[in-house]
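Shared between the two complexes below is subunit A, which pairs with subunit B and subunit C, respectively.
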Partner chain A sequence: MNLFFSLVVIAVLIVLPWVLVGAAGLDYLFGVIVPYVALAVFVVGLIMRVLQWARLPVPFRIPTTCGQQKSLPWIKPSKLESPYSTWGVIGRMLLEVLFFRSLFRNTRSELRDGARLTYFADKWLWAGGLAFHWTFLIVVARHFRFFLEPVPWCVSVMEGLDSFFQVGLPIIYLTDVIIIAALTYLFFRRVVNPRLRYISLAGDYFPLLLLLGIAVSGVWMRYFDKTDVVGIKELTMGLVTLSPVVPEGISALFFVHLFLVSALLIYFPFSKLVHAGGVFFSPTRNLANNNRVKRHINPWDYPVKVHTYEEYEDEFRDVMKAAEMPLEKE
Partner chain B sequence: MAEDVKKPEELIQIDYGPPKRSWMDPTVKFERGSYNYAAVKENQEYLSLPYPRKWQPYEDDWQLPDGWEEIIFKGFKERLEKYRSLRIFMDICVRCGACADKCHFFIGSGDPKNMPVLRAELLRSVYRNDFTTAGKVLGKFAGGRKLTVGVLKEWFYYFYQCTECRRCSVFCPYGIDTAEITMMARELMNLIGISIEWIGTPVANCFRTGNHLGIQPHGFKDSIDFAVDELEELTGVRVEAPINKKGAEILFVAPSADYFASPHYYTLLGYLQLFHEIGLDYTWSSYASEGGNFGLFHSAEMMKRLNSKIYMEAKRLGVKWIIGGECGHMWRVVHQYMDTLNGPADFLEEPVSPFTGTRFENTRATKMVHISEFTADLIHHNKLKLDPSRNDHWRVTYHDSCNPVRAMGLLEEPRYVINSVCNNFHEMPENTIREQTFCCGSGAGLGTDENFEMRMRGGLPRANAVQYVHDTHDVNILLCMCAIDKATLPPLLEYWVPGVEVGGVHEMVGNALIMKGQHDRPTDLRGIPYKQDGREGDDNV
Partner chain C sequence: MYDAGKVILGIVVFLALVTFPLWYNLAGDASVAAPDLEKAEGTQCVEDAEWMRGHHMDLLDDWRDEVVRDGERYFVGPDGQRMEKSLSNTCLSCHVNKDKFCDRCHNYMSVDPYCWDCHVIPKEVM
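Then we have the complex of A and B:
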């Protein structure tokens, strides 16, 4: 049901620009207005999200410690798994964000011979996730050739590395292959594994399909459709320089690609995709395990009803006296 | 143990396949053995908690107060504004499924709603429905659910089927901590008078008498005195155990089970021996006679109410600093919450060991040292005369308790102590120890008889790992440093791995400690003859 719903939405998102640009000639709408709106929604939405998180209090310091604390001088502390300094926390966060440290721990448990639990290292999700995120970053960075003139040297270098194997014409980018493979894996993983299918919401299938749509339409344009790159760059540079033009002769496929990207931008701030920003705010990861060293203040702390020693002694004075225990008041 | 308990062979038949029905349709059956009784009205009243009443989870009508949905909505909103953790954990889960088989309750039950991701979704679905634009517009398609009685019953069932052990949070790529989510859900349910007996009663007891068991001051003194007498019989040495002594250098706080339950009791004997032997100037307190804090399983406010006693008592008695005994969740509270809740402890001094001169710099602010930190330091400086062969009849393994590991990072101190006092130490498989340790399955207030089946299920991964070292290394005792472990692991092991005992780290210290003026001590603290040259100890323990 959730999968079906996502497929329908994706189909609509593809057909809409195809038909409306191809048949109705709404190329200015899809080439200029929608992208601007999408970018605005993305930027404003994401900033608001981040500000909302940032202004929320962190009442307690609750790092999840995954290694030895710093205690006695002769016991080696784990600087990254149980960080006690700001640098340690930064290191832990970098490992988490750049290399998905926690996901790397992943295991799979199985009940074998009817009674023996066995745990296997399971790195597939880690590998698939890491492959997708890194290639996505590189692909996005590569696209700066469309938004900058002259094309910066770093973008050219990246393209050079990405087409290292010099296969095909136009030369195939490695990242194009990897991103589609990774997304396909992540998608089928959700569909095939019964447990994952059970927990998956429409909001889990949809972004994967959307990203696949973006990647496939992009690849199709470059390798098969051989879309008019010069025209596209005219359009993108127009967008960047705030003097938008829509040149003649850009294929409808490009508008599909652009519309899917716009949809992603609009969807991003209101979906689980905000994990990209949220991970930096996760209190179990971004706080140092220096709890007993440095006092942490709860900004909304308030006095509570306690049971004082005086009240306690008042209630139990007789029995305490009989048991010859020291008293404040005889 | 009730008579209708399933046999291990039956319980191990676990179906991990998800059901056909969508998880969004709430379905809970309160079957014997897998839920906890409701909090008792009188205790709720004693603690001035809202809507005290007589009810039970298996009844159809929970007698919910009028407008309970609104109360929860407001409470949820308030917490979303007070806890960044809650908001973040509601917003960023991608349902990647990495946490699914990391939960001991899922591994032991196969119930999909015991996957941490779905446990959180029970709350998250209501969050989406009530607090997000997408949920308000798209409803079910955006994964939103309206809060109904059915959903509430699910909350009760599954948030009291989480032991707040944080294992899933180790594996989550965003560090989403189900303990935090469970704590929030329990706070919300408290707002409409829904809690369980095994949290309400210990909390009320602790508030009144200073300890969960409700032991009054003279009873507390009796148990300590009894231990002193028994220790004299076992060792020939008469130790001192001062209570409520003003001007002592150190206040010692242990979980109350240590002086009232077995096998905790042998750990108590170990503490008493150790403190006597080094000549520690310390005191027990009858008012702060509980290190554990079931308030943690209730609400942040209740945790603060109970925890306040430790600093108040330290101030009243005029001690310099505090040592805490072997306990799990107690140390989550002491390490991660105490200073924030009830500090600053500026009336105390930075802890310095009077025997080694070691400054416990890691406790500079909170001024409370874990007993294993204290003992490891003593051993490292050769301040104790130890004969590890006195533990040769024990082949030991060590269970890392959830909180000291995942909310503190206490890994090497206990291992150093164990290795110094035992000759036969074997670790369990690596996926089941240290930061990946498995919960006993009975923490966070779930260790009741009525919840027995679910406890055995939740404890399966732990028991299974014990089975492994029992089979391969003939391990006959599981050491741990947590009072709930010591109470609930014995029935767990009796159920899954008969023949393995449960003990404390300081019990082993006590066994190995050579005391000045002791008699020949033919037995260990349990009265079991120890292995001597050419003479086998009693292995049938």
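Then we have the complex of A and C:
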């Protein structure tokens, strides 16, 4: 049901611009208005989410048992897995953001040889996730040739490296192959494995299908059903310089690609994709494990009326003495 | 708000990244409009202009394979004329100026075709 729902939504998102641009000629709506609205929703939505997280107090450090905490001088602390300084935290954060350190620890358990429960490292999700995220970053960065004029040298160098093997014409980008392979794997991982399918929601299938739709439509436009790419750059340059134009002769496929990207931008702040910002707010990653070194005061603490033992003894000293009870102070 | 300094710094970096193309293009003095191409000297291209805009690389790729691998050096153009399948001799005989035709769009789109790794540019020979 979740899978079916996601497929239907994706199909609608593809057919809508295809029909409305191809047949009804609403290219200004899909080429200018929708992308601007999507970008505004993305920027404002993401900032609102971040501010919402920033308002939540995280008074206490959450030590995760990934490494030896700093303790006595002769016990070697684990500086990155259980950092106690800001630089250690920055190191752990970098490992997490750039290399998905905590996903690398992923394990699986399975019954093997009948009833033998076996735990083993499972790196496939980590590898697929890493392949997707890095290629997606490179693909997005490569797209800056559509948004910058003159195109900076670093974008050209990236394109050169990405088309290193000079296969086909236009030369096939390695990242195009890897991103589609990775997304296909990540999608079928959820579909094929019954346990994963059982816990997968529409919010798990939909982003994968959406990204797959974006990648496939882009690849299709570059290698198969080519269109006037100079016209496309005129459109994108118009968008980023706030003087939008929609040139003639751009195929409907481009508007499908652009509409799927707009859908991704709108969907981003309100879905699990917002982990891009959320990872920086993970208390188990971004706080130094220094509970024993520093005192952390709970910000919502209010003065509590207490009655200490000393005061208790003062109050009942005579009675306690009469009962021959031991006293701290005579 | 907790850690306001860091959070605001993060938001500022995010906004700078998102709006970077706007600043970059405003700061640069280059025209953002698509480049003008020099008019061809002939009257009839081998395919119509709109198809060529998207697919000229397919044509050149096919030509290369047909000439180099199969030895089919000639084709019959749309007006019945027999022409050589040649980038330097046929394409550039009408589009005489590589700088004002090929390069303008390729530079605009940051495309670096490897045609000229092997072919010579006719003007350079003369």
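To be clear about the criterion, the second predicted complex is superposed on the first by the 298 of 330 C-alpha atoms of A that agree within 3 Å, B and C clash if a C-alpha of one lies under 4 Å from a C-alpha of the other, contacts with A are read in each partner's own complex, and residues count from 1 in each chain.
The working rule: a contact is a pair of C-beta atoms (placed from the backbone, for glycine too) under 8 Å apart; a residue touches a chain by one contact, two chains touch by 3 or more.
It should be emphasised that the depicted structure is a prediction, and the values quoted were computed from it without experimental measurement.
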item	value
Touching partner for A:Asn291 - first (subunit B), second (subunit C), both, neither	first
Which of subunit B and subunit C A:Leu20 touches, first, second, both or neither	neither
First (subunit B), second (subunit C), both or neither touched by A:Lys226	second
First (subunit B), second (subunit C), both or neither touched by A:Tyr309	first
Touching partner for A:Pro57 - first (subunit B), second (subunit C), both, neither	both
Touched partner set for A:Phe144, first subunit B, second subunit C, both or neither	second
Partner chain in contact with A:Gln166 - subunit B first, subunit C second, else both or neither	second
Set intersection of subunit A contacts, subunit C complex versus subunit B complex	56-58
Subunit A to subunit B touching residues, read off their complex	1-2, 5, 49, 52-53, 56-78, 81-82, 96, 100, 102-103, 105-109, 111, 114-117, 119, 125, 129, 193-204, 270-272, 274-275, 278-279, 281-285, 289-298, 300-301, 304-309, 312-313, 315-316, 319-320, 322-323, 325-326
In the complex, subunit A residues that touch subunit C	39, 43, 46-47, 50-51, 54-58, 144-145, 147-151, 155-156, 159-160, 166, 169-170, 226-231, 233-234, 237-238, 240-242, 247, 249, 277, 280, 299
Subunit A-facing residues of subunit B, complex	12-14, 16-18, 22-23, 48, 81-85, 87-88, 91-98, 100-102, 107, 112, 115, 117-118, 121, 132-134, 141-143, 166, 169-177, 180, 207-210, 216-218, 221-222, 243-246, 286-287, 300-301, 304-305, 308-309, 312-313, 316, 334-337, 339-341, 343-344, 358, 360-366, 368, 373, 376-377, 380, 405-413, 416, 429, 431-432, 435-436, 460-461, 464-465
Subunit C - residues contacting subunit A, complex	1-4, 7, 10-11, 14-15, 18, 21-22, 24-26, 28, 30-35, 50, 53-55, 57-58, 60-61, 105, 107-110, 112, 114
